[in-house]
Amino acid sequence: MSILFTQTTAAAVAKAVGAREIFGDASTVIKNFCGIDEISEGSAVCLEDKKYAELILNSAAAVIITAEKMDTGKVQILVEKPKEAFITLLSFLYPDKPVAYTRAPTAVVGKDCSIAAKVKLDAYAVIGDSAAIGEGSIIGAHSVVGDNVSIGRNTVLFPNVTVYADTVIGDNVIIHAGTVIGADGFGYRLEDGRREKIPQRGNVRIGNNVEIGANVTIDRATLGSTVIGNGVKIDNLVQVAHNCRVGENSVLIAQVGIAGSTTIGKSCILAGQVGISDHCVIGDNVIIGAQAGVMSNTKIPPGKFMWGSPVQEMKEEKLTKIYLRKLGSLVRAVEEKLGVKI
Amino acid sequence: MSILFTQTTAAAVAKAVGAREIFGDASTVIKNFCGIDEISEGSAVCLEDKKYAELILNSAAAVIITAEKMDTGKVQILVEKPKEAFITLLSFLYPDKPVAYTRAPTAVVGKDCSIAAKVKLDAYAVIGDSAAIGEGSIIGAHSVVGDNVSIGRNTVLFPNVTVYADTVIGDNVIIHAGTVIGADGFGYRLEDGRREKIPQRGNVRIGNNVEIGANVTIDRATLGSTVIGNGVKIDNLVQVAHNCRVGENSVLIAQVGIAGSTTIGKSCILAGQVGISDHCVIGDNVIIGAQAGVMSNTKIPPGKFMWGSPVQEMKEEKLTKIYLRKLGSLVRAVEEKLGVKI
Amino acid sequence: MSILFTQTTAAAVAKAVGAREIFGDASTVIKNFCGIDEISEGSAVCLEDKKYAELILNSAAAVIITAEKMDTGKVQILVEKPKEAFITLLSFLYPDKPVAYTRAPTAVVGKDCSIAAKVKLDAYAVIGDSAAIGEGSIIGAHSVVGDNVSIGRNTVLFPNVTVYADTVIGDNVIIHAGTVIGADGFGYRLEDGRREKIPQRGNVRIGNNVEIGANVTIDRATLGSTVIGNGVKIDNLVQVAHNCRVGENSVLIAQVGIAGSTTIGKSCILAGQVGISDHCVIGDNVIIGAQAGVMSNTKIPPGKFMWGSPVQEMKEEKLTKIYLRKLGSLVRAVEEKLGVKI
C-alpha cells in the first residue's frame, strides 16, 4: 500500500475538486501536493486559513486552492471549501495502489473455512478452522485469525493483528497493526487470597465501517459479546474491556481505557487518555474531555459535555480549574483577614 | 480455542453446580446460557441480583439458577451462591476444546533447546537457541521465544507474543497476544546533551499462575531481574519498567504504568491508568484508585487505600475532591464577607 | 541476543574502568557482577551511594568498585565515578553476542529491494517491494517492513515490529518488539453524523540514533511527514499522532500520548503518562511532569518546567497541590469565622 503521486495539471485538479473558477495557466504542472510547511518549486497547496495567505503567496508554490481570489501571479483554483478540496486531492493525487487479490503460498488456512474468491492473504497469514472471510478483504502479513472468526467484505487487517476465536467483524472495517481483538476479559474470583480465573466464554462483535488503530485491545465478553457498533472509530492504544458496548459512530481517541460492562452511547467522543470505570452508562452524544475519569456505575445523560476526574459538566469543571489556580490568593486572603493559619 | 456450547438438561446443570433443589421439569433442555441482556427461547440464566428478578421472570428463559425459590412456572435450580454457579457453568457449558499437542511444520526451533514431548508449537512459532519449554505448554502462532528463555509447564503464549532472550517464565502462566516481555529497560546516560544507552543486561522473571493481558510491556532489568511474583494478574496495555518487582497475587489493571526500580508488595491492587514513578516501595495489600499518581521514591505502608495525584489516603482524597467542587461557593463567600477580590 | 557473562579478574575489571588504584588481590576471580540485592559468593558490586556501604561490606561480595577506600579485607577498585564504572562494566562483563549476518530462508523479500550485503533477516521477516536496508541492520523475526521503506545502517528491528509503507528510518536506530510505525493518522470528516476517513498520504521519518520502546505507535502524516528527530528516545506504549514533530534528543517516557500536529522541541522530557493535545508547540528544553495534560493549541516557551492538568509552571503547580491539601482547613476556617455554610 505504498503511496504514489500522480503528476497532473492545475486543470485536472480544478476538475477533480469541482472548482468554480481557475485563474492563471491551467496547464501548469503540479509537481507535488503538500502542507504549508513543505512547499517546494511547483507545489500545489490549499489555503484553509487566511493567516497562512502571506506565507503561501511568498512561497515557491505554483498553484493555490483557495476560497477567495488573491492578488498574485500564481495559479489559483477557487472552491467553496478548501478543507474539502484538500481531502479530495489526497485521494486524487495519491490514489490507492490497486490490490492484487492473491493468497501467499505461505498463508496457512485451517479446516472448513469459507474464504471468498477475491480475498488477499499476505505472507504468513494464519487462518484458523471454520473461519469465514468475505469478498474484497485483506489479511496482512503475520496476522492471525482464530477459529470460527467471521470477517465481512472489504475489511482490511494490517500486519501482526491477532483476532481470537469466535470474533465477528463486519464489512469495510480497518484494523491496524498490532491490535488484539478478543483476548480474555480480566475476570477473577478471589479465593483464599489468590485469584481464580473466571472463564471468558463470550466474544467480540464489531460492526461495519469501523476503524481500529494500532496496538488496540478489545477483550471478549465473559458471556455474550463485547460490541463495537457500526461506524465507530478507535485510535491507537485504546483498551475496551469485556462486555462493553460502544454505540454507533462513537469515537475513542488514543489511550482511552474503558472498564468492564460499560456502555457508551451513539456518537460519543472520548478524548485522549480518558478512563471510564466499570458498569457505567454513557448516553448518546456525550463528549468527555481529555484525561477525564468516570467512576464505577456512573450514568451520564445524553448530550452532556463532561470533564475532570471524576467528571462533572465541562462548564463546572472549567470553573473548578480556574478557582484552583486562585487557591493561593484565597488562602492568603483568609489568613490575613481572619487572622488564622491555614 | 474456539468456544463450543454443550447442550444439556436442567438436571445436569443442577448436578454440575451442586444445587440444593430443583423445581420444575429437570429434563428441560438448555439451549444456551447467557446474561440477562441476551435471553432467548430455552436460555438458562443466573439471577445474581434481585433487581433483575422481574426481567428474568418475564423473559423467554427456560431455567433460572437462583438462591431463593420464586413464584414462576420456569425451571428453578436453587444454589447457595448464584455468582459461583455462574462461573462453574461457564466452564461446564462451554468447556475448553481439547488441545492437540503438535508441532507445526513451520515452527522454527533453535539449537540446544529442551522442549518437552507434550508441547504445542503453532504455525510459525519461532524458538531461539538453548530455550526450554515444559510439558503442556503452548506457543501461539507467530510468537517468538528468544535465546535461553525458560518456560515452565502448562503455560500458554497466545499469538504474536515476543519474549526476549533470557526471560524465565513459570508454570500455568497465560500471556495474551501482542505482549512483549524482556525488551530493554529505558536507561540512558546524558553526555553532551545526547543520551547514551545504558546496556540492559538483566532479565525478566515471571512466577507461576500469572496472567498477562494483551499488548503489555515488561522490561528486562539493567542488571538482575524484573520480577513478577506468583499469582500476579496484569490487564492489557500495562507497562512495567526495568528492575520493578511486583509481589505475589497483586493485580495491575489496564493501562497502569510502573517506572523503574519500583517495588509493589503482595496482594496489591492498582486500578486502571495508575502511574507509579521510579524507586517507590508500595507495601502489601495496598489499593490505589484509578488514575492516581505516585511520585518518585514514595513509600506507602502496607494496607493503605490511596487515591489522587499525587496520592493521599483515599479518605482524604475523597474529601479533597468534595471540597474541590465547593471552591466556587468558597471563593464567593470569602469575596462577599471579606470584601476582597480573589 | 542472549547475555553471556565473561568471567574475569579484579585486575581486568580495574583496567576496563580505568581505576586509579586497586587494593587487595588483583587476581581475584569475579564470579558475577550484580546489584546490591543479589550479591553472592565472588560477586563484584559497585558502591554508588554511601548508604549501601555497610550492606556491601557485610555481604559475600569479593570485589567493590568504589570512589573512596574503605576499611575492609575485600578487594577494592577505586574509581572517580562508580556510576560510570557500573555502565562500563555492564558491557565489559556482559558483552554483546556477535551477530551472524545471515538471511533466514523463510524471510520474504519483495521486488526491487536494495538490501546491503551485511544485513540479518530473521525467520519469517517480510520485506515489501522497493525497500532499502543499510549495512549492519537486523530485521527481527516476524517483523514486517512495508513497500518503499528505507532503513539506514546498523538499525535493529526486534521481532513483531510493523513498519508501514514509505517510512524512512535512519542509522543506529533500535525499535523494540510490537511497535507500529506509520499506521494511518486518526482523521475523519463528519458527514451526516458519520465519519468519513480522511486519506493519510504522508509518512513517518525517523532520524539517527533513535530508540523506540515496545508496543509504541507512531502514525503517518496526513500529508508530509511525522518526524522523530535524531537522538530521540521513546519508552514503551507511547502514542505519537499524525504530523507531530519531536525534536532532537527529546525523551518521551512510557504511556505518553501526543495528539496530531503537535511540535515538541529539542531536548524535552515528557514524563510518564503525559498527554499533549493537538496543535501545541512545545519549546526546546521543556520538561513536563508525570500525568500532566497540555490543552490544544498551547504554546510553551523554551526551558519551562511544567506540571498539572492543564499544565502550569512546576513551581505554581506544586503550590496548587499543597493548597489543595489544605482545602479542608480552609473551608472549616471560613465556615467558623464567617458563620457561613460552604
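Labels A, B and C are assigned to the chains in the order they are written; within every chain, residues are numbered from 1.
Assume a residue touches a chain if its C-beta (ideal position, glycine included) is under 8 Å from a C-beta of that chain, and two chains touch if they have at least 3 such contacts.
It should be emphasised that the depicted structure is a prediction, and the values quoted were computed from it without experimental measurement.
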*What kind of graph do the touching chains make: line, ring, star, complete, other?*
complete
*Copies chain C and chain A - interface residue numbers shared by over half, same or different*: different
*asked:* Centroid of chain A to centroid of chain C, CA atoms only: how many Å?
replied: 26
*Which chain C residues touch at least two other chains?*
106, 124, 142, 160, 178, 215, 237, 255, 273, 291, 324, 327, 330, 334, 338
_So in the complex, the part of chain A that touches chain C is made up of which residues?_
1-3, 33-35, 37-38, 84, 87, 90-91, 93-94, 106, 122-124, 140-142, 158-160, 174, 176-178, 209, 211, 213-215, 231, 233, 235-237, 249, 251, 253-255, 267, 271-273, 290-291, 321, 324-325, 327-328, 330-331, 334, 338, 340, 342
*asked:* Quick check: in the complex, which residue numbers of chain A touch chain B?
replied: 106, 108, 124, 126, 128-130, 142, 144, 146-148, 160, 162, 164-166, 178-180, 183-184, 186, 188-189, 193-195, 197-201, 203, 215-217, 219, 222-225, 237, 239, 241, 243, 255, 257, 259, 273, 275, 277, 291, 293, 295, 309-310, 312, 316, 319-320, 323-324, 326-327, 329-330, 333-334, 337-338
